[in-house]
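Given below, in the form of structure tokens, are the structures.
The same subunit A turns up in both complexes below, where it pairs with subunit B and then with subunit C.
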Partner chain A sequence: MRTAQVIMETGAHAAALAVKCARVDVIPGYPITPQTSIMEALSAMVEKGELDARFIPVEGEHSALAAAVAASAAGARVFTATSSNGLLYMHEVLHMASGGRLPVVMCNVNRGIFAPWTLWADHQDSFAQRDTGWIQFHCSSNQEVFNTVLQAFRVAEQINIPVMVNFDGFVISHCFMPLNVPAQEDIDRFLPLHEPEWRLDPAHPSSFSNVTNAAEYASFRQMLSQDIMASIPLVKEAAQSYKDITGMWDGDTIDTYRMEDAEVVVLAVNSMAAELRLSVDILREQGIRAGLLRPRLILPFPAQDIIDALPQNAQVMVLDRNYNFGHHGGILASELKSVLFGRRHDITVKNRVMGIGGVDLTRRFMADEIRAMLDE
Partner chain B sequence: MTTSIKKLPDTEQVLSGNGACGGCPATMALRMVGKALGTNAIMLLTPACSVASMGMTPKLGYNWPCINICFATAGASASGITHAIEIMKEKGRLQGELPTVFSWVGDGGTYDIGFQALSAAAERNENIIHFCYNNEAYSNTGVQRSGATPRGSFTTTTPTGKVQPKKNMPMLMLEHNIPYVATATVAYPGDLYDKVVKAKNISGMKYIEILAPCYLGWQFDMADTVQMSRMAVRSGAWLLWEAENGKISFNSPSSHIINGKRDADPVNEYVMKQGRFNRLLNGADAARRIAEIQGDVDREIAFMRERAKIMI
Partner chain C sequence: MLELRINGFGGQGSVTLAHLLAQAALENGEQGQALPFFGVERRGAPVRAAVRMSPATIYAHSQCELPDYVIVMSEKLTEAAVSEGINKNGTVIINAPYPLKVEKYPTWQVDADGIAGEKGLFSADGLFINVPLFGAACRVLNIPGKVMEQTILNKWPGNGGSNLDAAREAFKAVRLIGT
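And then the complex of A and B:
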């Protein structure tokens, strides 16, 4: 491991630096708060010649992802980023990227959804894209954002499925934290040049995403579904290989804290999960045997790893920063319950929705909430 | 001099056995485009007639790599491809002459749902050719109105005739200050061929719109596609022109109509040969409705004649 430098950076700039280190070819971009500073940083790197890539300043997010998808089909390594309504505006193109098996990597800086207008973090945007066939990571620190962008390219290109790297607006995107930037030769060893099996090439005329008959279409969809599940070992392998080369580890499909003898397991994602480590410490001081289980991977949902990580008879407190409309509570809780059903009768699940639209989630507030949930 | 149809290359990029309707003007036009572009090209299509007719996966009726993209995205998608191949060549990952990147899109994907992304690509002066094969309606979904449907035309969403005139899309593209804009139609294949050859050799954004009389949508005999195309030009309902770096010039025979050497044929005969108009022209207001259509044609001729005089 050769750490080239430790710098102070925001989460947004950590993402941009990772894109540079990934030697990306094409970056179509459109600004939206709080993602904007990723695109500003990347366009500056391209203008200054620090990053040998094309920045395409498109006129909207739908076009940003469309240009990304097409550039990927032409054989380039491609990155874009968005937030909130920008991600929603991309919705049909998200499906084309996954259905087209194009290994685009995109950061989504989580922000609540209009209406009414909000600028601050919650997870409705990325969770609303759960069924678009993208692999989805959720990150809890600036360093993890940097590390995960690189791991995302590796996984995406191995299995030809696009990857979304999510992290919270402002709390991560705009806050400075120390950032380890590995040596470029180490990153190159971890992430070799993109050599797609197939690309749009006049020497080999072929049609891409053309009309299919029902049986062929069904077969494409089945392969996508199976390959999304097959990405789990690749995610683990990428995390392990990244650790071997850089020494850094954020967990693989999941990340855990003080889980060894836990009776109360808190389950949450993104920056609130970083804060929850402190809540777990507070609860431990109060005599409650608490632990934290943070899924890094939301799609595919790492069912087996979560089941294996849960201690016998644990009470799981799921803290959702989103709503599962039409049900009580949030989406993470529903996902967890669906994987536990018929497999872990010993587990109880409780759920609260909090932090919507950027409502502040302090360690004490969350510790109090968890203690209150124990009495329910 | 316009290239004679006899001198066009024998090479074919539109292969036999595709699924187009008999007399399909888009496929005829694409054949001419293929002769001009050759094999070294990448084709983008939005969901439309030309995708439906190119064959079911994995078969392909066109001799290019073809990508079917999201409907609204021709301008953005073509930009992505052209930047990708250029940077890969700069980095040494692609060798040889770069292929021409072109979009082959109907009037829906150009005038309407695709307008925003196309306008942005033009404003960025992306190095692509955008072809609009304009059959003046959403033909692939069964003939609904589009921004290119002329006033008075029946479509399934204008059952008593469209009330509004069409918009002048080639002119809108010209106002983006792009290096090349041209109009063409299938009755003048040499004119189309020459314009595509010219566009291929210009760097930056090129827009070529091809009037494509669709027998299904326009309701005429499928053997009469070329005749209908010619009547559109001779009546002045379609003007053949091109603009290099903003300078408009008209092509024969439209040039003769513009400079007054030849009168445009009255639209009456053109209109009455098409079911999309004449099914609505049986009532007492027939004369008024034809006069309205004639008025729209006359206005466009007058506008283009004057607009072409502006050279700054």
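And then the complex of A and C:
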């Protein structure tokens, strides 16, 4: 391991730097608050010649992902980024990327969805794309954003499935903090150049994405479903290898804090899960044996790792920053309950929705909420 | 972990002030975080930013609700800034042209406007008061003068001149008004 350089950067620029370190070939981009500073940084790097990539400005997010899909099919390493309604506008093409087995990596800067307009963080945008066949990470710090973009390319290209790296708008994207940037040689060792098994090539014409008959279509969909599940060991292997090379670790499919003797387990994702470490400390001082379980990977949902991490008879307090419309509460709670059903009868699940549209989630507020949930 | 909140008006440079303080923490061998609150910005509207400094990794990502220090970029905001919340043992740093004391809290005062004008830190539509306020805050936070200077030189390589002068002047001039 070579000495990492420590710089001060925002989460958005941490993402852009990771893309540069990943030596991407093509970056189609369309700006949307609060993702814009990722695209600004990348276009500046290309313009200055610091990054040997093609930056393609387009007229909307549907085209941004369409260009990413085409470039990926041509064998390029491709990155794009979006947020909120931009991600929703990509919805159709998200399916094209996963069904076409194209290893695009995209950052989604989590922001609440219109209407009414909001600029600030919640998780409805990425959770609404749960069924599009993308692998989804959710990150809790600037450093984790940087590390995860690199891990995402490795996993995506190993299994030919696109990966979405999510992190909170403003709270992470515009938060200015120390960032360890490993030596480029170490990153190159972790992430070798992209060598696809197949690519569209005018010199060797072939067709891509033809109409299939029912049996062929069913077989493609079955392979996609199976391979999404098969990405779990690859995610773990990428996290471990990244740690071996850079010394940095954010967890693999999950990250845990003070879980050893926990009776009350708090489960949440993204920046609120970082703040929740402090809430857990507050609850511990008050005599409540609290711990934190943060899924980094929410698709595929790391069922076995969560089941293995939960202590006997634990009460799980799921804090959702999204709504599961048509049900009470949020989507994470629903995912957790479906995993526990028939497997862990000893676990109690409680759920609250909070932080919608950027409502500030302080350590004291969340500790108070969790304490109140104990009495429900 | 030390928590600070900056209360200012849009256009006064609160984001840069927050970045300078976080950078100074790193320069001082600690961890630093600047977390400005971004709204629908307008010049002249009240704005705020959170700053944290800690010897250990910073996990907090909320705005500082009960900060240890409140930096008030204009004395007109003093009452509003303090009423947003402050630690009961908190300290206030105010940019004001005259000595000013906030009841119950140790209060430091510096004439950042005066210093910025004297050192020629003019912006398109006013004064760069964030640099003198950075100098004053370093003094109050016991951040060494050398760290303050190095942070400014890192931010504006080769162009620290009047910024350095203004920060040094505020470092010397900031006064504890009474306890």
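As a working rule, the second predicted complex is superposed on the first by the 372 of 376 C-alpha atoms of A that agree within 3 Å, B and C clash if a C-alpha of one lies under 4 Å from a C-alpha of the other, contacts with A are read in each partner's own complex, and residues count from 1 in each chain.
To be clear about the criterion, a contact is a pair of C-beta atoms (placed from the backbone, for glycine too) under 8 Å apart; a residue touches a chain by one contact, two chains touch by 3 or more.
Since the structure is predicted, the reported quantities are computational estimates derived from the model, not experimental observations.
A.B. asks: Classify the contacts of A:Ala67 with the two partner chains as first (subunit B alone), second (subunit C alone), both, or neither.
C.D. replies: first
A.B. asks: Does subunit B (first) or subunit C (second) touch A:Val171, or do both, or does neither?
C.D. replies: After superposition on chain A, A:Val171 lies in contact with subunit C alone.
A.B. asks: May I ask you to decide whether A:Leu119 touches subunit B, subunit C, both, or neither, giving the answer as first, second, both or neither?
C.D. replies: second
A.B. asks: Quick one: is A:Leu336 in contact with subunit B, with subunit C, with both, or with neither? Answer first, second, both or neither.
C.D. replies: A:Leu336 contacts neither subunit B nor subunit C.
A.B. asks: Applying the document's definition of touch, where does A:Ala76 land relative to subunit B and subunit C: first, second, both, or neither?
C.D. replies: After superposing on A, A:Ala76 lies in contact with subunit B but is clear of subunit C.
A.B. asks: Return the chain, subunit B or subunit C, that is in touch with more residues of subunit A.
C.D. replies: The larger set of subunit A residues in touch belongs to B.
A.B. asks: Tell me the contact category for A:Met39 with respect to subunit B and subunit C: first, second, both or neither.
C.D. replies: Neither: A:Met39 stays clear of subunit B and subunit C.
A.B. asks: Using the superposition on A, tell me which residues of subunit A are in contact with subunit B and, in the other complex, with subunit C.
C.D. replies: none
A.B. asks: Taking the touch rule as given, give the residues of subunit A at its contact with subunit C in the complex, in rising order.
C.D. replies: Interface residues on the subunit A side: 6, 8, 34, 119, 141, 168, 170-172, 174-178, 271-272, 274-275, 277-278, 360-364.
A.B. asks: Help me check something: in the complex, which residues belonging to subunit C touch subunit A?
C.D. replies: The contact residues of subunit C facing subunit A are 18-19, 22-23, 26, 31-40, 58-63, 65.
A.B. asks: Quick one: which bits of subunit B touch subunit A in the complex? Just the residue numbers, please.
C.D. replies: Listed in rising order, the residues are 39-42, 44, 51-52, 54-60, 62-70, 72-73, 75-81, 83-88, 90-91, 93-94, 99, 116-117, 119-120, 123-124.
A.B. asks: Of all residues in subunit A, which touch subunit B in the complex?
C.D. replies: The contact residues of subunit A facing subunit B are 25-26, 28, 52-54, 56-60, 62-64, 66-76, 78, 92-93, 96, 193, 200-202, 204-213, 216.
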